[in-house]
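Shared between the two complexes below is subunit A, which pairs with subunit B and subunit C, respectively.
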Partner chain A sequence: MGAIILLSLLGILVLYLGLYNAKSLLLPVSIAGLVGALVFEVLAWNSGAAPIYHGMVLFDNFALAFSILCIVVTALVLLLSQEYFSAISKNVAEYYCLMLFSLTGALMVCAYHNFAMLFVGIEIMSVALYILVGIRKTDFASNEAALKYFLMGAFSTGFLLFGITLLYGATGTFDITGVKNYLVANPTAISPLFYGGILLMMVGLLFKVGAAPFHFWTPDVYDGAPILITTYMSTVVKVASFAGFIKLFSYVFSPLHDFWTPVLLVIIVITLFVGNITALMQTSFKRMLAYSSISHAGYMLFAIIALGANANTSIFTYGVAYSLASVAAFAGLILVKRSHGSDQFVAFDGLAKKNPLLALVITVAMLSLAGIPLTAGFIGKFMLFRTAMADYHIILLVLAVVNAAIGVYYYLRVVVHMYFYPMAEQEEKLAVPMGFQVVLLITLFLTVMIGVYPNYIASLL
Partner chain B sequence: MDSIIQNIQGIPLNHYLIFCSVIFAIGVIGVLIRRNVIIIMMSIELMLNSVNLLLAAFSAYRGDASGQVFVFFVMALAAAEVAVGLAIVIMVYRNTKSVDIESLSKLRW
Partner chain C sequence: MGIFYFVAFLSVFFALMTIFTKNPVHSVLYLVITFFTFTVHYILLNAQFLAVVNFIVYMGAIMVLFLFVLMLLNLNKDTEPMKSTLVKVMGAIAGMCLLATFLGAFRVLEGQNEYVTGNTDVGLVKNLGKVLFDEFLLPFELSSILLLTAMIGAILLAKKETKQG
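Let's turn to the complex of A and B:
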């Protein structure tokens, strides 16, 4: 709880720093605050989990692990922001402030124990992002992305709320343990309202994680938003939404899994194919990453249908691997776009000659996203597939492996462009600022470390 | 307060359910088929208000106050959302001189 309070106060402090024009302090203060929040979360690790604040939030190890992941990824994103924000807008403080507010919402989604907190958390997370997506006020693509994101976000909130209301009508409580007790107490006489509630909440959350057939806003929004905001959206927001999703389905609704598993199975298959096949056809690196994030949402939904103790660990590992690789890939994209002004694959031609380190980091990130052994992404995929295997979802598994193979093709395309295509024209070496170097090395190190020594992260939860 | 609850309970719960579902469905259809952004936002408000009404009805029937408290959460956050949403609409209008969804179709796969 300390982290949530600290981060919301930090957002206000950062806003005041902007008011008094202390621009050089913004980044250090934000990073210091994030480190403080991290300390709060680490100190609460393993410290007996009971719901606090009248059963509103619960900081068990599951919530803490996902919170820590969100905080660390936000810190990495902020480290990339040094010259980025000031180049596209005058109001730099608002970026930091809104991102911190959004992170506060994400932590609430990770730790909710009451549907009120789930709703409030999702809203805090999203409302701050509506502004961030549209922060380039005169840019047409950014405007369109903001409007689409806002309309889809508000629309999906309506579904989520109607679902919560129906569950309340059936059970008379918003507390997730109360709802689960209702299911356990009368397994035969469950009100029909409850089934409708499950489906509506599922629709609302699938909109948020961007799974097909509710994915159509994702590519446009990811493409139109500033790259750094896209990084934040496709990592922190997605991971936090999945933490909320898996808590709801594999804890609260688990007694009814015969009812919702078939629905999710269909959605997973559609998501995997839509994400991967559309990603094949892209010529823009940014848009390819947007579609690949749809397919990764499909993989993460795997863990939800495979109930069991392993599900939390495997989805967390996958979240870590995916977030680190995405941050590295987007950081590379920012640098390339800065020197070329383009986010097409062609802009990556000959990058290995211009900057071998950057090319290496992007390669490792792509391998990790594709799930090649010795990277974190392989461990994540392996654990997900193993949990699905234990549940005998063989057909699903075959389809997922086919999709993983399709994924390898389009991820490696950018690697081919970097190593085997000649440079378009003779250019000077691509300079990598200090903040980027730190982030690239951290992501490279962690991706390889998790890939080589998976036991540390597998025994965490 | 007691007389209000009695009045609410005077109507069968199923009527509230059907009524709210119909309003919610009108909202969803409005979002899907209308082309004016302002009207889409009104439809979204309709969806949220049907939720509020249903929460209040359930709350009165169960004699449990938490449903009514939830209504306040929904109202507060809906207001925040609309404030941001209208700002976005104004920003779009300044650039395109239009509030029609069709004017915004530059991004396509």
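Let's turn to the complex of A and C:
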């Protein structure tokens, strides 16, 4: 709880800093605040067994682990933002503030114990993003992305709310333990409204995570938004939404899993194929990452199918691996785009000669996203597949492995461009600012470390 | 019960008119009337607060805003986007499936459910305030962040930038 309060106040403080034109203070203060929030979360580790504030929030280790991941990734994104926002607009403080508020919403989604908190959290997270996506007011693609995201987001919120309403109509409570107790107490006489509620909530959340039949907004929004915001959306927002998703399904709806597992199975298969096959055809690195993020949503849904003690750990590990690799890949994209003005694969030609370190980091990130051993991505995929295997979803597993193989092809394409294509003539070296160097090295280190010593993270939850 | 059926009929009728009328301005006006019939429903259910909020916010503020936007946009037949028959058919089928599911669910629902008939005074402002400032205090306070975010965003998007981005 301390972290949520601290971040809310931090957002307001940042606004005041903007008011008094203390631009150089914005980044240090934000980072310091995030570190403070991190300390609060770490101190609360192993202490939150019971829900607090009339059962509104529950800070168990599951919520804390996902909160910590969100805070760390936000800090990495903010480190990349130093010169990024000021090039777009004068009102830099407001952007920091909106990102911090969005993070507050993400933390609420991670820790909710009542549907009211889930709803408020998702809304705070999304409303801040609608604005951030459209911060390039003169850029047509950014405007379009913001409008699309807003309409789709509002639409999906409608589904979510209707679902919550039906669940309330069936059980008479918003408390998730109350809903679960209702399921356990009446295993045979569950109100028909409840089934509709489950389906509608599922649809609403699938919209938010961008899974396949509800993914139409994802590529355009990820492509049109400024790269930094795309990074934030595809990491923090996705991870937080999945934390909310898995809590809902693995804890609350688990007694009814015979009902919703087939639906989710179909969605996973569609998501994997749509994401991977469309990613194959892209020539733009940014769009490729957007489509690949759809397929990653499919992999993460795996853990929800295969409920069990390991599901939380495996989805967390996958979230960590995916977030780190995405931040590294997008950071590389920002640098390349800054020097070339293009986000096509061609812009990466010969990067290995221009800047070997950057090329190395992007390569490791791509390998991690593809799931090659010795990177965090491999551990994530391995744990997800193992939990699915334990439940004998063999056909699903075969389909997923086929998709992972397709993924390797398009992830390695950018590596091939970096190492084996000659660079365009007479180009100066690519300068890497300080903040980027820190982020790139941190993500490189963590990705490899988790890949080599997975036990630290696997024993966490 | 007679008054309920009458108002319910009006709700459905005006909702259908909202969809079927050609002129967008008329459509919005029918929607306003639909919302008004909802307000009557809320009063019949003894949900005073919801009735007042629905009346002021939905009918008063949002629908008037809608109307202004429509008039400013000057929509007519020429600006209407092309809609393929396939999309229309798909939309109709999906909508009907949803409707059938819910009608089926509502049909088997027992009307004497304790949550339906339980506390009829819960919609009064006094009881709502008690719940809001006691049990739901945390979400209530945190929703201030939501409003602040929306406010910052509105100002940010509406303000003229002096520097070109």
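Definition applied: the second predicted complex is superposed on the first by the 460 of 461 C-alpha atoms of A that agree within 3 Å, B and C clash if a C-alpha of one lies under 4 Å from a C-alpha of the other, contacts with A are read in each partner's own complex, and residues count from 1 in each chain.
By our rule, a residue touches a chain if its C-beta (ideal position, glycine included) is under 8 Å from a C-beta of that chain, and two chains touch if they have at least 3 such contacts.
Small disclaimer: the values here were computed from a predicted structure and weren't measured.
> If you stack the two complexes on chain A, which partner ends up touching A:Gly224: first (subunit B), second (subunit C), both, or neither?
Touch partner of A:Gly224: subunit B, not subunit C.
> Please indicate which partner A:Thr283 is in contact with in the superposed arrangement: first for subunit B, second for subunit C, both, or neither.
neither
> Per the contact definition in the header, classify A:Tyr130: touching subunit B only (first), subunit C only (second), both, or neither.
In the superposition, A:Tyr130 contacts both subunit B and subunit C.
> Please indicate which partner A:Glu144 is in contact with in the superposed arrangement: first for subunit B, second for subunit C, both, or neither.
first
> Once the structures are superposed on A, label A:Tyr195 by its partner contacts, choosing first (subunit B), second (subunit C), both or neither.
A:Tyr195 sits against subunit C, while subunit B stays out of touch.
> Going by the contact rule set out at the top, does A:Val120 touch subunit B (first), subunit C (second), both, or neither?
Both subunit B and subunit C are touched by A:Val120.
> Name the contact category of A:Asn186: first (subunit B only), second (subunit C only), both, or neither.
neither
> Is A:Phe101 contacted by the first partner subunit B, the second partner subunit C, both or neither?
Second partner only.
> Looking at the overlay, what does A:His54 touch: subunit B (first), subunit C (second), both, or neither?
So A:His54 only meets subunit C here.
> Quick check on my understanding: which residues of subunit A belong to both its subunit B contact set and its subunit C contact set?
Residues 116, 119-120, 123, 127, 130-131, 134, 137-138, 168-169, 172, 193, which sit in both footprints.
> Please give the residue numbers of subunit A that touch subunit B in the complex, ascending.
115-116, 119-120, 123, 127, 130-131, 134, 137-138, 140-141, 143-148, 150-151, 153-155, 157-158, 161-162, 164-165, 168-169, 172-174, 193, 219-220, 223-224, 278, 281-282, 287
> Would you mind writing out the residues of subunit C in touch with subunit A in their complex?
By the definition above, subunit C touches subunit A via 101-102, 104-106, 108-109, 113-115, 118, 134-139, 142-143, 145-146, 148-150, 152-153, 156-157, 159, 161-165.
> With touch defined as at the start, can you tell me which subunit A residues reach subunit C in the complex?
Those in contact with subunit C are residues 4, 8, 11-12, 15, 53-54, 56-57, 87-91, 94, 97-98, 101-102, 104-105, 108, 114, 116-117, 119-121, 123-124, 127-128, 130-131, 134-139, 168-169, 172, 191-193, 195-196.
> For subunit B, which residues count as touching subunit A in their complex?
17, 24, 27-28, 31, 37, 40-41, 44, 47-48, 50-51, 54-55, 58, 62, 64, 66-67, 69-70, 73-74, 77, 80-81, 84-85, 87-89, 91-92, 95-96, 104, 106-109
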